[in-house]
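Per-chain residue numbering starts at 1, and chain names A, B, C, D and E are given in the order in which the chains are listed.
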Amino acid sequence: MGAEQAWLLAAIPAGFFLLLSFFGRPMPRGGDYFGVISIGTSFVLFFFVLADFLDTPGKVGPIVNSIEWSNIGDFHLRMGIYIDPITITMFGVVTTVALMVNIFSIGYMKGEPRYYWFFAVLQMFAASMLMLVMADNLLLVYISWELVGVCSFLLIGFYWEKRSATEAAKKAFITTRVGDVGLLIGIILLFKATGTFNIQEIIHAAEAGEIGQAYLFIAVMAIFLGCMGKSAQVPFHVWLPDAMEGPTPVSALIHAATMVVAGVYLTARLLPVFAVADGALLVVTIVGLTTALLTGFMALAQTDIKKVLAYSTVGQLGFMFVALGAGNPSVAMFHLATHAFFKALLFLGSGSVIHATHHNQEMDKLGGLWKKMPITGTTFFVGSLALAGVIPFAGFWSKDEIFVALNEAWGGWAVLLLGLAAVMTAFYTTRLFIRTFMGKPKDEHVYEHTHESGFVMTGPLIFLGILAAVSGFVVFHGVGKAIGFPGGITEFIFLEHHGPHRYEMDWGFAAGSIGMATVGIWAAAWMYWGNSTRRSTVLAEWSPGLYDMLQKKFYFDELYQAAIDRGVLGFSYVVAWFDRYVVNDTGVDGSAQATGFAGGVLKYLQTGRVPNYAMAIALGVAGLAVAGLVVRG
Amino acid sequence: MATEVLWWIFAAAIVAFSAGTVFSRSVLHSAIFLIGSLAGVGAMYLFLTVEFLALVQFLIYGGAVTVLILLALMLTRSDARGTPDAVNGPQLPFALLVSGGLMAVLIGVAAGTDWRPGGVPDSPTNIGIETISERLFADFGAPFVIASALLLVALVGAIILARQEEGE
Amino acid sequence: MTFDEGQGYVVLATMAVPLVAAFLLVLVPGTQKMWVRYISAVTGAIVCGLSIYIFAAYQVDGSHTQMTLRWVWVENTAFLGKDGVTLYLAVDGISSTMALLTGVVAFAGAIASWKIEYRNKDFYILYWTLLAGVFGTFFSYDLFFFFFFYELAVMPLYLLIGVWGSTRKEYGAAKLTLMLVGGSVLIWIGVFATFHEANLGTFDLPKLWAAGQDGTLSPTFQKTFFPMMVIGCGVLAALWPFHTWSPDGHMSAPTAVSMVHAGVLMKLGAFGIIRLGIQLMPEGAAFWMPGLMVLGVIGAVYGATAALTQRDMKLISGYSSVSHMGYVLMGLATMNQIGVTGAVLQMFSHGVMTALVFLMIGAIYDQAHTRDMKDFGGVTRVMPLWVIFYTIAGLANVGLPGFSGFTAEFHIFVGTFKTYPVFGGMAIFAAALAAGYMLRLFAIVFFGPMSPRWSDLKDLTALERLSGGMLIASIVMMGVWWAPFTDRISSAVTLLPGVTS
Amino acid sequence: MRDYTIFIPEYIAAGSAVAIIGLELFMPKFRKDGLAYLTALAAVAWFVAGLFFIGKDPKSFQGLIASDDFTTYFRLLAAGIVFVVALMSAHYMRDRTKTASEYYGLMLVGGCGMVYMAAATELITAYISLELLSFTLYILVGYLKRDNLSSEASLKYILLGAFSSAMFLYGMSLIYGVTGSTTYAGIAEALSGRESGTDPAVIVGFMLILAGVGFKVSAAPFHMWAPDAYEGAPMPVTAFLSTLSKAAGFALILRLFSAAIVVDAAEWRWAVMVLAALTMTMGNLIAIQQKNLKRLIAYSSIGQVGYMLITIAAIGYGDPQGGINATSGLLIHIIGYVASTLLFFTALTAAYNKTGRDDIDGLKGLAETQPFLALVITCSLFSFAGLPFFAGFATKLFMFQGATTSETMWVVGLAVLNSFISLYYYLMIIRQMYLYEPVGETARWKVNPVLGGLAVALVLAVLFIGMYPGPAFTVSEEAAKPLFEPGVATGMARVP
Amino acid sequence: MVPLENYLVLSAIVFALGVYGVLARRNAVLVLMAIELMLNAVSLNFIAFAAYLDPGKITGAIFAVFIITVAAAEVGLALAIVIRLFRNRATSNVDEAAILKW
């Protein structure tokens, strides 16, 4: 199989989606094995694609394969795939994580209602996501983008009997949809300027300066709005924590590793266009920074394991945007990949905990679980270290790269701000780990019944744990070469736009990174180590208001609620009222009633008396005669 | 000259009788005024030298029609002497206004029209009975026939409507 | 043998079969309810098959007008010259698409009405008469017959809604009928004026179109009467602010009527704007289209906004129809190829998805006798298939890729952006509002805890599945592979006067 | 030139009338519905005799009466109306009167009156024919003499009729004074010989004539007798009034206006337009508020008159070809309107014979108890409203199209708007029949076979005209042509 | 001699008085009488025109003959109807015969 047939990666899961959704229910075990087979096939195919790509003789170049989709006059729409290193990176990330999540789910979801449906949608999700990353045109990107959103909606709302799940699903869909308004506008604006949806052609046009600056800025900002929505950047971040209402494997797959990075992916894909538009990159940086910082703060005070991880995800996405804002897509993609592995690990780990403790995800009731769940605990520990950016785990390398790139692009102030975010990352990660796995159990009853999960769940944890530990090393030239990338992995990633570039350790930044991680970890350890609650409440005591604000996530939800209630729904009530009473009752019914009323009045002219009738005749005659004399005479 | 004076007297009488017909409070008086007015018009036909029509007017109108009307008045009023017949109160002023206006318009038309571009003769030409009969029977046969049907219809209609049925 | 020969009878048959069915049904005794149903189902199948044939057999590369049939009706009498009134049936790319829509929806509606017990014979007679009118309008190339069938399509609605409807049915029926006929009144005046102004002694539309383009219909005339035609047709297309029959009418109408009405009849209005507006009065169109654009945008945003807070499921769909027809009008108002093509796509798309929505609402209303969203919750537990069907319809409504709604809206947006970027942005915003009201409905009705009151609701019947399945197939077909549609539509759109590429 | 043969059809009609009256006189026991069938037979004979006159060279009787296609058209129409109304009356009159022969005889004579109105080419003849028809109608309206409403209606009708014919006569006298002639051709010649038409006598004369004929066809504000007379009259007479009397009025108007005074059309066409606008608006608006069906149809027919008057105005605005167009439009609409009205009254009579109610509520639930009649009534109402498949659609469309000129455009628009308003009250009737349950007895009942057959025939006619108006339209055009042939009218409108 | 206009004016006055009578009187018979006045005025008009302007053909005079005929017949018929109403309703006042209205 060649890379031209990469569309099979998406087509196979899509086919399995249809299979499972139509026939999954009566299958033994809901056909969960088909899920593994489907994603597994894609996972295997990924290696074929990669190999084919690397084997392309001569200069390694993008692979394009497109067909004509529709014609309207001189508007020809082509649909196709475009395979370049970014795509392949995404292939790897998506198929790997999806496979792990599928396997994990077999254990985790056992006994749930609509078991087959869960797997069906997972396939659809994988298919859409894979289609998204290989699309050669923005229209196809948008199509898959929306399909991904729908799958997310279906999966968040998987427990639809719960109101909160339903609400969360709705919120996720609508929030991202608002961003999508921007995305669609941006796509169409770019189309209007260039006459094509093809990404490469748009990039060429933009780089050739065919599009006006202001116009281009508006267009890319509109597209960026969509990316912000999908990647839950401030102020669209509110849906992601709520999305944790979905089953935990879903959180791992969608809301940590793959779907939410679609925004990052698209921005990376279009970064050359962003780069042309003055100021666009600065906006991206600022949004990324703000998100990283704010969500860092928000995560500090959360007590729900998954919520902490959710905010952490948003924050890490902020990091990626910062990297993009620095004009360095390869670094962003690198962090994207490492983050996908360790965040999937963390989520699956937390899923394992939740599963083991019978759906308990409050830190306040957990503690000391390492003893009971050694594998989960260990892998979780690895993941935490990677997230916190401890050398030599994966997160360290990618974050370090971001700092370097950021420094090159925007200078020290940005690095400092991002550093603060990194400190907080280390802090809440440590807090999470300590409070869940260390110390004494806070709720004996929960603790009693906890047990280690089965191999179907721990297997993926171990696999991801290994990746989280070592995947950062590919940054080294030698490692890349060793695992088969000619010219090293950097050359692979930095194809075309930036030219070959060798990673070199900048020990200054590395030291800084290590320092930040240490500070965060130390602070958290100081507060939460042991069983003393005295220190852990130090912030709440010092400033209850601030603590409250952190816990309430800077009141974003309340603000939105008010805006929607008062603003949108209020406006809707006004419009509905206007429609009912002004347009309908007054305008339409009113004119009907007026007609009827006129008839009701006029009919009383008909008095039934001959003299009156004769009077009408006489008046008519006299009137006509006089009018005739006046008009004509 | 004398004819003119006489004409004016008759004209005044016609107007007066007509006014009496429509203004009189008593129906009986009205009927009598009507006879006067009709007779006056008949006289006018004499002025216009259409003796035959004057005769018809006296006979049919002065005789038959008024008798019929008087008969109807008798039949439809409990007291034949005729109590004052109230007029249509609320409409009265408008009736005056409208008929006055109509009168003004018609008088204006009569006076303001150039009836014949070459000028109207001063006096009427004598219309002999022969001319009338010739025209009526030779040239207007069709309406004459239709008019006979019309009279038949009126006859039949008056009979079936006025005929008393058993039980009345 | 050229393709055209003999094909005109297919078009005639498509229009005539419903009429024949109506006549046959008159002869069937009213007590034979099953016979009535069988006849209707067979008729539906035939009509659907014929319309699919018309769609499939339409030759994209062939001449613009295909499958013509001409029978002289009245000519060389008084003011009528040669070809005065002819039964001139033909299809172009647009009407072949519309025929497909009508065929599918008609069949679906016929099956969906299987449950009707009360005087079902009369119901089907009126139903098929209405559909004959719809087909006739789509196929007519003669102004007289265009108007004839246009009125015919409106006429049976009063009784269909008044007798078999629900929820203030008399009011809804009367308002709907009167407003629609009120609209056709304006068209009527336009017809008189056009005939008089062209002074060709013929109602033949191609000749009149030619007159509209070569200036026989003077620019002043066109500018004067274009608004009349467009508002007249626009009433049926739920042009803001003449849309208020839509929510109330749909609320009152029985299932199949809602399906056909929202699915097909509203398209007649937009179709009329193409035929009698753009094609007949290109100068007027050029002058007035910005105005139509504004009204379309208002309708799109307004309908979506008003739908946000409705409680009756049918009202939501009623308002969303206003919104979606607003897109159609916008697409037409763009006067460029992509936009107008998008408008026709949207006509098809809105037709099938709205029909599906109303089919679903009918399916639950027949059992629950309420459509108030607040009464429901967690219906998924008892009616999972219903929920899936409704969800597909809803997502198509929202403009989700993979379903027809996206295809259509996307083209409209692209077209709109070419000329009116700001309005395009507002329209896209309205599409986001669509997500708001649709998901609100999903959340309230489908999800959440289920009230025990609904525990004995039955899922879709086999007939409803068949009916809905056809509609879903159409939705998905257009959503995934729209080239067959765009090929046909754009072949016709290219030739519309004043439409830029 | 006295060619008595041109009256043969009317001899048949009038002779039958006398024979029928005589029959009952001498055979008082003769079945009263039998009289109706005899009348219908006479009408058929009349009709068949009339058929022989189609397309013959126009003949004139002393220059007063023309026997051309126009006349023949109304001859056939009159025979047809009498035929239908006679059949419609059979049971109705049998149950309500002691003697019926006069009724049928008068009906035939009234039909002759209509023919002469159409045929008259001279004022005296026209006037006498008009009175002939009016007299029969006065009597027929009051024929149920024990009925309060019937005699009241008759009284109103005759008083106002006489009043307006006095107006009409005064107008004629003024025109005669100006032109010195009473023949249409003479009037036209004299008028075109005058330098200007703006003499007050001409203008006022036209207006008075307009008032007179306006009364006949019940144009506002001369329409007020119509609802009362319609409501009070026996039901078949209402049908007779609303078809034959209206058609006759338009026959007279068409001949008079197109042949005689079209020369000075500038003086009256605006007034006709104003009357048309006023008439249709008044009729339709008031009709909305009616409860009684006969009264409602009265107002609705007033609305129809408003539409028809537009064509008269259009004749004034057009050249001869335009006149033919407008006239043929009007004539075809008269066919459609007459057919629909007769259909309506046939069904209504059938229902009335059973229920004895003529108000809208009386039709409640008719679709349950007698679906056939409900369907028939619906057809007729849809035809009135101008909905497709029914005569009203095609005929109204052709009429309006024929009447459309640049100047009359606004009234045509108003007319279309009005026909929209009319839809509302037609729907009100349909609503009673279809949307409500019957009150009282809900069992099905049978329609009298004669009425049923009549209704079927009329429905078919209405459908035929609606779906294939070609033949009717051709006939109408042939009938319209004689009016505008050179030599009949000396010229068309002076350019204002 | 008396000019034509005099007759016409006289006729106009009588006609207008007749109109007034129709509009103002309640009794049906009186209304009829007023109508007779109007018809007389018309006849006068016709005859005057005939005598002055159309002495050769005297169509107007013929017209007057017919008018008189019709008027007589009309009176007869109308009175029969008035009597019919009187029998039914015991009134001959036109404004009391107003069941039919609106």
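Criterion: a contact is a pair of C-beta atoms (placed from the backbone, for glycine too) under 8 Å apart; a residue touches a chain by one contact, two chains touch by 3 or more.
What you are looking at is a predicted structure, and each value in this text was computed from that prediction instead of being measured.
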Third chains touching both chain C and chain B: A, D
Identity of the chain that, by mean CA position, is farthest from chain A: B
Chain pair with more C-beta contacts, C-D versus A-E: C-D
Most central chain, judged by mean C-alpha position against the global CA mean: C
Centroid distance [mean C-alpha coordinates] between chain D and chain A, Å: 77
Length of the line joining the C-alpha centres of chain A and chain B, rounded to whole Å: 101
Approximate Å spacing (C-alpha centroids) for the pair chain C, chain E: 63
Computed distance of Cα centres, chain E from chain B, in Å: 6
Shared interface positions of chain C, touching two or more other chains: 178
Set of chain A residues in contact with two or more other chains: 592, 603, 606, 608-612, 614-615, 618-619, 621, 625, 629
Multi-chain contact residues (two or more partners), chain D: 124, 127-128, 131, 135, 138-139, 142, 145-146, 154-156, 159, 163, 167, 170, 174, 177, 180, 200, 204, 227-228, 289, 424
Those chain pairs that satisfy the touch definition: A-B, A-C, A-D, A-E, B-D, B-E, C-D, D-E
Chain B - residues contacting chain D, complex: 105-106, 108-110, 112-117, 139-143, 146-147, 149-150, 152-154, 156-157, 160-161, 165, 168
Chain E to chain D touching residues, read off their complex: 8, 15, 18, 22, 28, 31-32, 35, 38-39, 41-42, 45-46, 49, 53-54, 57, 59-60, 62-63, 66-67, 70, 73-74, 77-78, 81-82, 84-85, 88-89, 94, 97-102
Contact set on chain D toward chain E in their complex: 123-124, 127-128, 131, 135, 138-139, 142, 145-149, 151-156, 158-159, 162-163, 166-167, 169-170, 172-174, 176-177, 180-182, 227-228, 231-232, 289
Chain E residues touching chain A - in the complex, by the definition given at the top: 19, 22-26, 28, 31, 94-95, 97-102
Chain A contact footprint on chain C (complex, rising order): 175, 178-179, 241, 243-245, 247-248, 302, 305-310, 319, 337-338, 341, 378, 380-381, 395, 398, 400-402, 406, 410-411, 413-414, 417-418, 421, 424-425, 428-429, 431-432, 435-436, 439-440, 442-443, 446-450, 481-483, 486-487, 489-490, 493-494, 501
